[in-house]
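Shown next, in structure tokens, is the structure this report addresses.
Labels run A, B, C and D following the written order; every chain starts at residue 1.
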Amino acid sequence: MPSDQQRILARAAGEITAGQIVNLGIGLPTRLFHYLPPDLEVLVHSENGVLGCQLIDDGAEADLEMIDSGGAYIGTRPGASVFDSALSFAMIRRRRVDITFMGAFEVDRQGNLANWKIPGKFSPGIGGAMELAQKVERLVVLCSHNDKHGNPKILEHCRLPLTAPRCVSLIITEKAAMRVTHSGLEVVDIAEGLSVDELRAATEAELIIDESRLERF
Amino acid sequence: MPSDQQRILARAAGEITAGQIVNLGIGLPTRLFHYLPPDLEVLVHSENGVLGCQLIDDGAEADLEMIDSGGAYIGTRPGASVFDSALSFAMIRRRRVDITFMGAFEVDRQGNLANWKIPGKFSPGIGGAMELAQKVERLVVLCSHNDKHGNPKILEHCRLPLTAPRCVSLIITEKAAMRVTHSGLEVVDIAEGLSVDELRAATEAELIIDESRLERF
Amino acid sequence: MTRLNDKYMDIDAAIARIEDGASIMVGGFGSPGTPFALLDALLEQGQSQLTLIKNDANETDIGIGKLIRAGRVDRLITSHIGLNRVAIEEMNAGRLTVEIHPQGLLAEKIRCAGAGHFGFLTDIGLGTEIGEGRREIDCDGKTWAVEPAIHADFALVHADLADRYGNLVYRGTAINFNPLMAMAAERVIAQAFAVKAPGGLVPEQIHTPCAFVSQIVQVDPATSEQGRRAHAV
Amino acid sequence: MTRLNDKYMDIDAAIARIEDGASIMVGGFGSPGTPFALLDALLEQGQSQLTLIKNDANETDIGIGKLIRAGRVDRLITSHIGLNRVAIEEMNAGRLTVEIHPQGLLAEKIRCAGAGHFGFLTDIGLGTEIGEGRREIDCDGKTWAVEPAIHADFALVHADLADRYGNLVYRGTAINFNPLMAMAAERVIAQAFAVKAPGGLVPEQIHTPCAFVSQIVQVDPATSEQGRRAHAV
């Protein structure tokens, strides 16, 4: 039985296809590294200035000048390049990143995303999240379906300050994968063993569900 | 007896000191290369993207990917760098070029410079002259004192479209070296054998001359 | 974007993607950095009514000079065309629209498109004829001109080395506008004297990361042309 | 500018040029690229009331974290300080003014100063809280925010290799903000693990040409500090 995180990551990995340029946000998305087959021709972009990040082998000595944006030591794969922060964000704003994965505090029916600030509690700064969210071709949010108190994170309307408006394409939680469409959130996959009613109960946003087409994951 | 050009160039070379970054404009200024002692630590900037240009040896094969902004094949000296056009002009706009030499169609008492367009006759484009003129720390104009019809080029007010307003520091012709000051053009050097009256007669701009301090060149 | 593994191709297939009426950035300052082989393929294929964006017009019978002479260029956005007599004649005859920008502003307007901005605010050219007609705004007690980014459908760029993903390394004064244009255009076709397997280039030495490049073709150094005006000082 | 042949000097002499109240750009994203030796010399010399501009606040006890902890920093312009608990506490206590910019805008505002412009026009952050309070103008039927350049009196940058004229070569993800800051500040003090004679670097591999660098000092790689948060994925 996979953990919630494993379920999210395994589902998310299926969104990545050969030949793509991929950005993995800090936290859970970074763990997608472990789900990329080594022979899959994908270049992982990290906004601190590298295209072509790769895990370093266990026990290998880290190069102190090679980290990803989360501060983890990394290596590079063939075809990698390193560059300054202006070029790194030019690449983002010019939509040269095919797909980005990010965490979320809140995400809503219109694809609005809030993941950087909880007023009065948490405001360490936005880092590179705003440009990544606003300008990526395809933004996939990976998060727990509910917060640690059980409150829904998939909302009708975000209440926290936005990272970027109307930016999310797909939301993957341990309970469901939901596409952001013009009509609202359309559930494409639902977790093994979960009923549609249970999913709706755990979600504030109205969900569009066609049970005949639902996939299990 | 030096030619007019040799007189101008020899006088101009004295403006360059060790450790400087120098830009040599197209035409006569480029010939200053021949007046720089090989052991003088000076880096010549060319706006097509090189800092540290050097003459190539007679008979040496040219590198087809190494030219200066005038299209001449060049080499580089130790400490040279090459870069893109945006960085090259950033260097200019940030006033990292200590001294630039340029030709002129007209230059006037306020240090206005016109050297790119003669309406109806000559307008091939301004190239990099505008930024170089507007932003260099010290702009030295090298030109003949009069045009080929004998008309003055050192004017009260430029009549041609300006390259940049109030940009010139020093004007060197075969007849005189003139500093641009708040009070007007102050003659610092006058050519051997030329009288002050002859100089004034060949010049439209009013000249400030203190005969007791005039140097000959 | 083109997938990483689909970029390396034949020169004719790459150029065939360009349509009549396209706007095309072309690298090069004089001869160095001009993608001569790509331009010759474009001449051969016959696309017309082009808008070209290039620092200069090359010379009359090389590079974009051939396209201008053949009447294939409607509009040229440039900083200087003094070495191309035919371009000046075509401009004076009204057959070629020439838009002149100071060279540093031209570079920066292209860089601005590559950075994904609308434009930038500059003091270059204020108070001159060539700087007239721009929108001006006051900020911090001074006047600044708005310089909008220049965009294009395509960029044709020349590199010294590349890899099959489209990473590019330039050499000498052939760098010039190439890395700027490679970031700015919607689709970027690059030629290189050598195209290596991924891993064949040093990450720190790559000037243009492959993310910006759509197609990469290998060309023979012998296809490079020497500007006739290039000379010893 | 400093003359080419007067740039190579002792670290204390270089840092002694910085005065109380100076604004200082500091390279680095996390630990890589942070000029640890220059920052330690600044800590030692005692300059205070500083404004620092750096992507992040390092961690509590390394890099600019030491300066913040010692109360030497009045103001920090940054994109993220999440790895420095002390900086967050100082901010919440009102002893440290923190100005947050999205990382790409911060990079671009610094780059803009280095390019010699007043500012640029962007759509990043429109419609968000962090994007409020900016001047907005309409161009081509859309709204754009004016982002002014960020200037500074000094930049402290870290390079891997240098020459005595101040040409700089960076390595790996230690590049980050360093080349941008090296162009942007009035005076630029660079540290490098090796400083060669002029001619010891390859012209195409130089990231920052020496024209931008005021002082260059050689530092021991052992002075580099490892971010405690750096970890395997």
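Note that a residue touches a chain if its C-beta (ideal position, glycine included) is under 8 Å from a C-beta of that chain, and two chains touch if they have at least 3 such contacts.
Because the structure is predicted, anything quoted here is derived from the model rather than measured.
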If you take the chains that touch subunit A and keep only those that also touch subunit D, what is left? C
Just grab the chain with the largest centre-to-centre distance to subunit B, centres being mean Cα coordinates. A
Taking each chain's centre as its mean C-alpha position, how far apart are subunit B and subunit D in Å? 36
The distance between the C-alpha centres of subunit B and subunit C, rounded to whole Å, is 29
Length of the line joining the C-alpha centres of subunit A and subunit B, rounded to whole Å: 57
Among all residues of subunit D, which ones touch two or more of the remaining chains? 108, 115-117, 123, 171-172, 175, 203-204
Send over the residues of subunit B in touch with two or more other chains. 50, 82-83, 86, 89, 92-93, 135
So the touching chain pairs work out to A-C, A-D, B-C, B-D, C-D
Which positions of subunit D touch subunit A when the two form their complex? 29-33, 55-56, 78-83, 88, 98, 100, 102-105, 107-108, 110-111, 123-125, 127-130, 160, 171-180, 207, 224, 226-227, 229-233
Help me check something: in the complex, which residues belonging to subunit A touch subunit C? 18-21, 41-43, 45, 50-52, 76-83, 86-87, 89-98, 135
In their shared complex, subunit C is touched by residues of subunit B numbered 30-31, 33-34, 46-50, 55-56, 58, 62-74, 82-86, 88-89, 92-93, 117, 123-131, 134-135, 161-165
Listed in rising order, the residues of subunit C that touch subunit D in the complex are 108, 112, 115-123, 135, 137, 139-140, 142, 144, 146, 148, 169-172, 175, 203-205
Under the stated contact criterion, what part of subunit D meets subunit B in this complex? 1, 3-6, 114-117, 163, 165, 167, 183, 197-201, 203-204, 206, 209-212
